[in-house]
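Okay, got some structures for you below.
Shared between the two complexes below is subunit A, which pairs with subunit B and subunit C, respectively.
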Partner chain A sequence: MNLRQRRRLKLILRLAAAIAITAFFLFPIYWLFMISFKTPEEIFAFPPKWWPGQIQFDNYEVLFKDGDAKTVGNSLVVASVSTVLAMFLGTLCAYSLARFRTGGENLANWIISQRMVPPIAVVFPIFLLYVWLKLVDTYVGLILLYTAFNLPYVIWMMRGYINDIPKALEESALVDGCTRWQVLWKVVFPMCRAGLFATAIFTFVFAWNDFIFALVLTRTEVSTYTVQVTHYFGGQSNFWAKISAMSVLGTLPIFIVVGFMQRYLVRGISLGAVKG
Partner chain B sequence: MPASCFQPREQTHRTSLAAIRTKAATRDRRFKYVLVAPSIFVLLLIGIFPLIYLIVVSFQNITMTDMDTSFQGLLNYRQMVNDTRMWQALLHTVIFTAIALPIELVLGLAMAQLFIDRIPGRQVFVALLVLPVVISPIVAGATWSLMFDNRFGPINQIIGWLIGGEATILWTINPNLVYPAILVAEVWQWTPFMFLLLLAALSAVDKSQLEAASIDGAGWWRTFFRIVLPAIWPVMAIAILIRGLDLFRLFDIVWALTRGGPGTMTETISIFAYVKGFQQFDTSFTAAVALMIIVLLSIVVMAALKRVELAR
Partner chain C sequence: MADLRITALNKYYGQVHAVKGVDLEIPAGEFTVLVGQSGCGKSTLLRTIAGLEDADSGTIEIGGQNVTDDPPRDRDIAMVFQNYALYPYMSVYDNIAFGLRARKTPAGEIDGKVQRAAQMLAIDHLLQRYPRQLSGGQLQRVAIGRAIVRNARLYLFDEPLSNLDAQLRDEMRSEIKRLHQELGKTMIYVTHDQIEAMTMADRIVLLRDGKIEQQGSPLDLYERPATKYVAGFLGSPSMNFVDAEIASVAGRLAVRVGDSAVLPLPQSRNDRLAPYTGKRIVLGLRPEHISRAREGDAREGLARCGAVIDLVQPTGARTYATFKLGGVEAVAELQAHEASQPGQAIELAIDMNRAVIIEPDTEKVVS
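Entry: the complex of A and B
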């Protein structure tokens, strides 16, 4: 075997490994999506069938008819509103931290450490507080908590993106007679537009995917789709058609959104540590 | 915002340079605190105030039946130290972390090595491989409970093909198999996280150093430990830190697969706190547990942040 053939063989082996690994990681997702298109008879067929007889949307129709799909709407409301709030407050704070070194490293470290505490320990006193304030199972309560929980992430990420902008541009804008606020609106925000967008997407995804906060702080009115999915788990039998259809309703939007964010993914999930 | 900030600049040009500087400095100082204030307010409101409340409640004796708000000293803390179930939950959490973290790291690194060289369709592969990371963990757990179902799941079916018979393994009920089942789901979801970060780190390794090492006749392992590993270590440390902290609060996947069962076999510390606080309404006891978790984690995080370069 000459060198060229060996190289070819190596590439083929690598490609085969890549395909096998990708298949392993995609198969459960395929299974979830596929189940949602099956009829009940097909779901409970033995041995299990690996593809639906035909694509049909009855499982989704049931969710919309029973009003369960409303929980996806709830997720959308709390995730979007809290993202907008966290982005607005967090970016201002990040600018101050980045440009004026407000509070030094200690403040920045304290802020990011707020995010790393286990949610259950955070949500327990919040729950007691909310019972007292009558905020349990309200949009306001959930939005407030998501905003606070995502603020450290926004501050931390935006601090990184703002640090990437050359200072000289802002200085020349100041010399030209812009106020500090004008500099923010006309120079800083446009310059880090991509970073703002990427951070907002990830903030949204975190709130959207959360389970434990919603589990504790919602009852019926504002439960999110993640809580709804667990309602279909039964002691004796699981409502598989509903589990899968509801999961797909909650997962598909995330896939689509993240598909557009590939470039920012590594930076987003590594808390800005890896520029990617 | 005081009106003076909106005054036209021409006015200041007339005053002396030093006066401009001091005026600008005070203005900046006010400005920087105005920007920070709302965020800090929200963080304190949702962070510090409940924390104080938590401390107070943990010294009382509030349970489902009893609204006893008199101070009980260290009653709940004594009870916590003597609670074997709590220590077991802590142990389970440590076991999950100690097994899942190295597996995710090694698999992620191996995958990153595979994809670092040119390979046809590389971008498509990477784009597909990240999908598990962005799924909600509770949905990932639900998905794996579909996969692991003893009768209608594909895993037993595949095992059945391999052994040439019918497999009826109860993955989420059999005490010997719940840990492997949960770990498979956990590793499935988060190995791509390690992979992505390490792939980015590997791409940033200086190619000329690798060439020099290969010219000098250094073997693959030697090159890896002497050049590649030190180069990717900063990123690796961050990946380990983020995943380690995530694993410590493991909740969703276990909740979807076993709810901590059978019995309390797979109960993590987060599930333990949830059950105590929201199903048994042992309010004061849970406050003590939550406080312990916060203190423990804060120490770890603060120590880790000093060592790890998390963003510049």
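Entry: the complex of A and C
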């Protein structure tokens, strides 16, 4: 084998390994999607059917007819609104910490320590508080909670991104006639756009994936899809068709968001990585 | 009329007293250079003028208006930063137009102004590019364009050339000076580079430890420094300082250096220096005032002394020769071929008319 052939073989082996690894990790997602399109008989067929005989949407239809799909809508509302709120408040707070040294070094560290609180430690006190405030099973209740829970993360990340912006850029804008708010809008936000998007995605995903808060703090009105899925695991049998269809509905928004923002996501994460 | 008047300005950074009671007046249209070593407070002073730092006490007036507590945008200033401070996500055009838009200049006027500024700086072909596509010199031109496009009262430059290589720096130096002549605006320029200060300034303000050490025209400071620090700061190579003594030799005053050299002073300096007879002083000699002695040249105040060359540094036009004077190294600026190798013994002529006599304790120049 000459050098060129050896190189070629190496490349082929590498590609094969990459494809195998990707297939291994993507398989559960593939399987999830496939089950959601299968009839009950096909789901339990043995040997397993790798591809449904006929793509049918009955499993989804049931979810929409019974109103179960509304929980995905609830998830969307609370995750989106809390993300927007947390990003807005968190970025302002981060700017203050980064540029005006608000609270010195310690306040910033204290804030991120809040993120380390395990949800289970606070969920029951919060439940009692919410009963008293009549916030159980309301959008406002969940949105407030997710916003509060995500704030430390947003503040911490955005503080890092803002610290990376050369101060002179902002000073130059101040001299040129901008107010602090204009500086934020015209300089700070564009300069950390990648970081903003990356942080927003993580914030959104946290709220989207949350289970414990939604389980304890909702009943029927604003129950989220993560809680809804658990209703399909029964004592006698599990409704695999519904489970898979609901899971697909719950996965799609994340796919779409990440797909659109992949560019920012990668840049935002690596930005943080380099800075350390 | 003064365009900028600073009175008793103080600025602290925690425990550090960065600007110590500075009083300064800058007339309209003047190009003033704040110069000093790093940490002398020159940048802090400039940033306080801009309003980017708050003054702890004292007042700042721009165009007769007290702006001490005003935010930067209300001070009618434009500023060029050391690291260009261009927005990477905006084209050159938008960068230059940024200040105009921020100040709500009518859209119809913006284009004309941007084009004019770009033409002045020869960057009109770069307007559609982005900062990352430009070289250092081009970036600096854009940064200057951002400032001059605005019709500000006061233009501030914070070490704008320190990131450029030597050749570009020379080029931009004359460019900025030319701009000043064309625009006739009041400009304040901060640098640690004494050559920049000398070549560009109408007036140099030399700062040391947060205070003004001396101010005046470049040649004023160069020829009549008030202190040893000023004398040593300006000029390249810098002034030679030699411990010496004023002595009365054969009825006239002279400077005695070590045991060997006696350098007679010109009659004209007698009055000032007579009280120092017998006292220790520091003799300051600029390299260009030490030359190779010529036969028959016996001008008043020209002192001769023999020297052995230690080190020869030719620059082409001139040759710098290092020799020992009173036990310390001194540099003489000779003609290109007047010194060729170490160890060479030559006769030097020192122009004592130009020598600076410094009181060693106060470090003040006495004559």
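As a working rule, the second predicted complex is superposed on the first by the 259 of 276 C-alpha atoms of A that agree within 3 Å, B and C clash if a C-alpha of one lies under 4 Å from a C-alpha of the other, contacts with A are read in each partner's own complex, and residues count from 1 in each chain.
In the analysis below, contacts are C-beta pairs under 8 Å (C-beta built on N, C-alpha and C of every residue); 3 or more make two chains touch, one makes a residue touch a chain.
Fair warning: this is a prediction, and the values are worked out from it, not measured in the lab.
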So, does A:Phe260 touch the first partner subunit B, the second partner subunit C, both, or neither?
neither
A:Trp185 contacts which: subunit B (first), subunit C (second), both, neither?
neither
Just to be sure I read the superposition right, which of the two partners does A:Ala173 touch: subunit B = first, subunit C = second, or both, or neither?
second
Have a look and say if subunit B or subunit C is in touch with more residues of subunit A.
B
On the A-aligned overlay, A:Ile35 touches which partner chain: subunit B = first, subunit C = second, or both, or neither?
first
In the overlaid three-chain picture, which partner chain does A:Trp51 touch, first (subunit B) or second (subunit C), both, or neither?
neither
On subunit A, what residues does subunit B touch that subunit C touches as well?
177, 179
Can you tell me which positions in subunit A touch subunit C when the two form their complex?
166, 168-169, 171-179, 182, 186-187, 190-191, 193
What part of subunit C is in contact with subunit A in the complex they form?
50-52, 71-73, 75, 77-79, 81-83, 85, 87-89, 98-99, 102-103, 146, 150, 156
Give the list of subunit B residues in touch with subunit A in this complex.
1, 5-6, 8-10, 27-28, 31-33, 35-36, 38-40, 42-43, 45-47, 49-51, 53-54, 57, 111, 114-115, 117, 119-120, 125-140, 142-147, 151-154, 157, 160, 188, 191-193, 196-197, 200-201, 234-235, 238-239, 242, 245, 248-249, 251-252, 255-256, 269-270, 273-274, 277-278, 283, 286-287, 290-291, 293-294, 297-298, 301-302, 305, 309-312
Would you mind writing out the residues of subunit A in touch with subunit B in their complex?
11, 14-15, 17-18, 21-22, 24-29, 31-32, 35, 43-48, 50, 89-90, 92-93, 95-97, 99-100, 102-103, 107, 109, 111-114, 116-122, 124-129, 144-145, 147-149, 151-152, 155-156, 159-160, 163, 177, 179-181, 205, 208-212, 215-216, 226, 229-230, 233, 238, 240, 243-244, 247, 250-251, 254-255, 258-259, 262, 265-266, 269-276
